[in-house]
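The following pair of complexes shares a single chain, chain A, combined with chain B in the former and chain C in the latter.
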Partner chain A sequence: MTEPAIELRGITKSYGKKPVLAGLDLSVPHGSVVGLLGVNGSGKTTLMKCALGLIRPQAGQARLLGEPSWTLSAAAKARIGYVPQVVNLYPWMKVRHLLEYTAAFYPNWNDDLVARLTKEWDIPRDDRIGPLSVGQLQKVAIVLALGHEPDLLILDEPAASLDPVARRQFLQEIISLAEPGRRTVLFSTHITSDLERVADRVAILKSGRVTWHGLLDDLKEQTHVNLEESFLEMHNV
Partner chain B sequence: MLSSAYTQVALTYLRRCRSSGIRMLLAIAWGAMLAVGATAMAFSREPLVLLIASFITFIGIVDHVKEQFARWDAQLVPGYRRAHLTIAAVAILFLAVLLPAMAARLAGLQPIGLVAIAVSLLGAVLWCELQFTGLSWMLCSVFFVANASSRSIGQTITEMASGQLDPQAAILFAIGIAMVSVGAFKLLRLDEKMPQPRLSEMFGAGRSAGTQNAAEQMAEGRFGCWVNQWKCPYLDRRMAALADHARRADTSTWSAIRRWQTQGAASWWKLCLLIFAIFFAMQFFLSRSGLHNPTTLATFYLFIMPAAMSTGMWRLRITAMPFEMLLPADRATYLRQMIAALGLLHFQFWAAFVTATIPCVLLAAQPPLPLADLATILLGSALAQVGVFGVSIWLVTHRSQVLFTIVIIVVAGVTGGAGSFAVSSCLSGHPWHAGYKVLIATGLFSIIGIGSIYAAYRRWLVADFD
Partner chain C sequence: MRISVETSSGMPITRQVAAQIRAQCASGVIKPGERLPSVRALATDLSVNQNTILRVYERLTAEGLLERRHGDGTFVADRVPSGQMKAQRQRLREEIARVAELAKTLGVDAEEVHQLLDQEMK
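Now for the complex of A and B:
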């Protein structure tokens, strides 16, 4: 039996005295598209960063693509794409410089895909990173994450700063990339309609734990309402 | 009472100080320094401590006020500007005028001298904070360092503070008031797209995406467009080289290190040329006024500037670390190579200063600098760089704004101290072998630096990247 793409067991993380994740468990099977839902401050970003080995949990085990997250090998990292919520890159580089620089790290960088996306998404290749708007910066980060056609994509509110056109294009890209079960995608969002459009599974985070995780259709069947109403019910709203 | 806008604004100063233990200790230390300085001035007519303490406090206050004004609240919240300006004006009036005047009165002197120096210091701080920050701070520190070793300047300050140079003090006071007025005018024009990051933000903390810094703003202007066009072919070549290094990383250790040199675009030989030009101009003007020896200036350059520039480069490095951490390289390899890349950069800065300043010294120093002294200065400054690099890299692993400030103080203090030591040991008519003290001191410091580099590496291995 193959190991899940993401395996989190008993993850606990606090910032000072404030607990964010409290013994969280989550297992994301290969080829699935999982939407992560939770109110502000529920720990979605912390969960993703623990999974990626960017921050170290105080307890529990995090594994990614069969390896411990904290000591990911170069080969495993070459199979991962990540879009952070706050994008910090090199402000003095031009967009095309950053694309060329990042491409040099990956043996299977898809120049055609990157060229197509930058054209379709109107990304100014000759502009410097520093003065880009938040939305443009997010588009660049998405292209950087997709350029090497990763097996696992982790996206932290990737569409939050995109305009409606860019959001639609981005979702279509995710759908085509994930089809048919070729890649694993974990993404957080507050826009439930996006999640319903793209995800086949949903994980709901509350009080530092995953309170519901399963197929999206199962959730709808159980609750007989749409995803947004289910989410609100779970939070007693 | 507590709900008054003025009280709430005043409390922001106190809350800023008490939000962490170290910060509170620093605030108490500054307060104590001010009190001791004022007392020392009153009893022994020694103005230096008071002026240094005032200078540091001015930086803190202006930094705080700048942060308060460079936000949307300043434009939209009714009464916001009035309350903030009033409290800032009261604090500055106390520190720049009342405190020096009281200290001078207690010492039985005319207050104009000390007040003039304090006001001009405030003007200098405002200018540096609100103009082209990086360049201003660099020029200001170089000027300060160049003059610190001059007895004439020190004597002038003491004489002015003692009331012996009142006409000159009045002129300095007028200049100081003019600088403060310009600074206040610029402060009022700040908006949320502040033209300059605060000092702490220069090192990455809290700088939001899309915020422009001075270089970015300049690049959008007409002059900036011309500079950009001029820079563009170089930037393209540099980026192509960087990408080449990334491709060759598996087969070449040199490339594996060079691929992480992503901290900015600066041509090494252009840097040398710039340093040479600044150094030559400064030593020309200062030597004409008989204020210093070119060797003194070169020594301070070699000790302080490479460390200061290298520490400044952490800004870009720190913000991009999470991105770099997920590029295909395991954590330990990335950290080793990244630290090596920064060390190499530090060495490149030092080599640039050596290349630019030493020929000037050899040509201009009178009497000529003995080769043994030159060797001591070169070796001593190289060893000091190892120490500073290690200590600063270790402090930066803690990723706290307070520690960033401490990094700057450590860099300035340690290298400045080592530089003074080198100058006094080598260049004051001592026999040539007196320089061994410099080498022992900087050698010990370099050993501490090597230990700190190892400690920093171990700490980064378990540190969060977020």
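Now for the complex of A and C:
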């Protein structure tokens, strides 16, 4: 058996006196698409950043693609795509310049894929980044994260600012590139209907821990209700 | 093959898709030996995770309803196993019972239903 794509063991992280993650465990198997659900402030972004080695937990072990997250090799980093919740890109660059600039860092950059996505998603290649809307920025960030065809994609609220058309296009792209056994995707969202389509697994984050993780189908077999109702139930709403 | 998926339902997506494929095999919409769309194609078409569709195909293959020919795709088995056939007949009976109920409420008599059925089965 190969090691899981993401392995978090006993992760604890507080900001000042405020605990966010409290001994969290999560193991994401290779080739799965995991939707991460949690209320605002439940620690979804912190979980992702710990997994990526962008912040260091106070306790516990985080491993990504078989390496410790904090000391990822360049080779492992080249296999990861990440879209942060708040997209921060060079405002003075034109979209096409930013695409070319990013492409230069990756030997396996897929120009055809990027050209197709920018066209299908109506991304204005000749516009500057600065005045782009939040939704357009998010689209650019997603394309940048997909261009090198990463084995592991980590997406923090990727569809939050997208209009319904762009959201459906984006979901279909994720579905088509998440081939069974090949690519691993971890994404957070509040839109449970999206999660039900794209993900085959769901992880629910509550009180600093993953309180439920498994196949979406198993959750439904147990509860006989849709994901949103399960989620509300778990929060006693 | 016509399949739809309802995410707001409490029924797992694998069950929804499997039930519709079984029903369409029973009703003859999908014929023995017919090739089903690839996992990727059906998943993209329904906007549903590929692993989910893969599990449906695996389950129906284990039941003997489908055959996966390596490198060639997924097909409806030429000979549907007898248990499966029985289950499909049962399924058809249930569908017919539902049609009969509907006909009664609409005041359509048996003869007319027979005619409609004949037309559909041509």
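Just so we're on the same page, the second predicted complex is superposed on the first by the 237 of 237 C-alpha atoms of A that agree within 3 Å, B and C clash if a C-alpha of one lies under 4 Å from a C-alpha of the other, contacts with A are read in each partner's own complex, and residues count from 1 in each chain.
The rule we apply is simple: a residue touches a chain if its C-beta (ideal position, glycine included) is under 8 Å from a C-beta of that chain, and two chains touch if they have at least 3 such contacts.
Keep in mind that what you see is a predicted model, and the values were worked out from it rather than measured.
S.K.: Which holds for A:Leu171: it touches chain B only (first), chain C only (second), both, or neither?
M.R.: second
S.K.: Scan A:Met234 for contacts with chain B and chain C and give back first, second, both or neither.
M.R.: A:Met234: touches no partner chain.
S.K.: Looking at A:Ile191 after the superposition, I want to know if it touches chain B, chain C, both of them or none. Which is it: first, second, both, neither?
M.R.: Neither partner.
S.K.: Scan A:Val87 for contacts with chain B and chain C and give back first, second, both or neither.
M.R.: first
S.K.: On the A-aligned overlay, A:Ala199 touches which partner chain: chain B = first, chain C = second, or both, or neither?
M.R.: second
S.K.: When the two structures are overlaid on chain A, which partner does A:Ala74 contact: first (chain B), second (chain C), both, or neither?
M.R.: A:Ala74 sits against chain B, while chain C stays out of touch.
S.K.: Which holds for A:Leu132: it touches chain B only (first), chain C only (second), both, or neither?
M.R.: first
S.K.: Of the two partners chain B and chain C, indicate the one touching more residues belonging to chain A.
M.R.: B
S.K.: Touching chain B and also chain C: which chain A residues?
M.R.: none
S.K.: Under the definition above, what is the set of chain B residues touching chain A in their complex?
M.R.: Its residues touching chain A are 208-210, 212-213, 215-216, 219-220, 235-236, 239-240, 242-247, 259, 262, 264-265, 316, 319-320, 322-323, 325-331, 333, 462-466.
S.K.: Under the definition above, what is the set of chain A residues touching chain C in their complex?
M.R.: Touch list, chain A to chain C: 31-33, 168, 171-172, 175-176, 178-180, 192-193, 196-200, 216-218, 220-221, 223-229.
S.K.: Would you tell me which residues of chain A are touching chain B in their complex?
M.R.: Against chain B, chain A makes touches at 49, 52-56, 70-75, 77-78, 80, 82, 84, 86-94, 97, 100-106, 128, 130-134, 137.
S.K.: Can you name the residues of chain C that touch chain A in the complex?
M.R.: Residues 5, 7-15, 39-40, 43-44, 47-52, 54-55 of chain C touch chain A in their complex.
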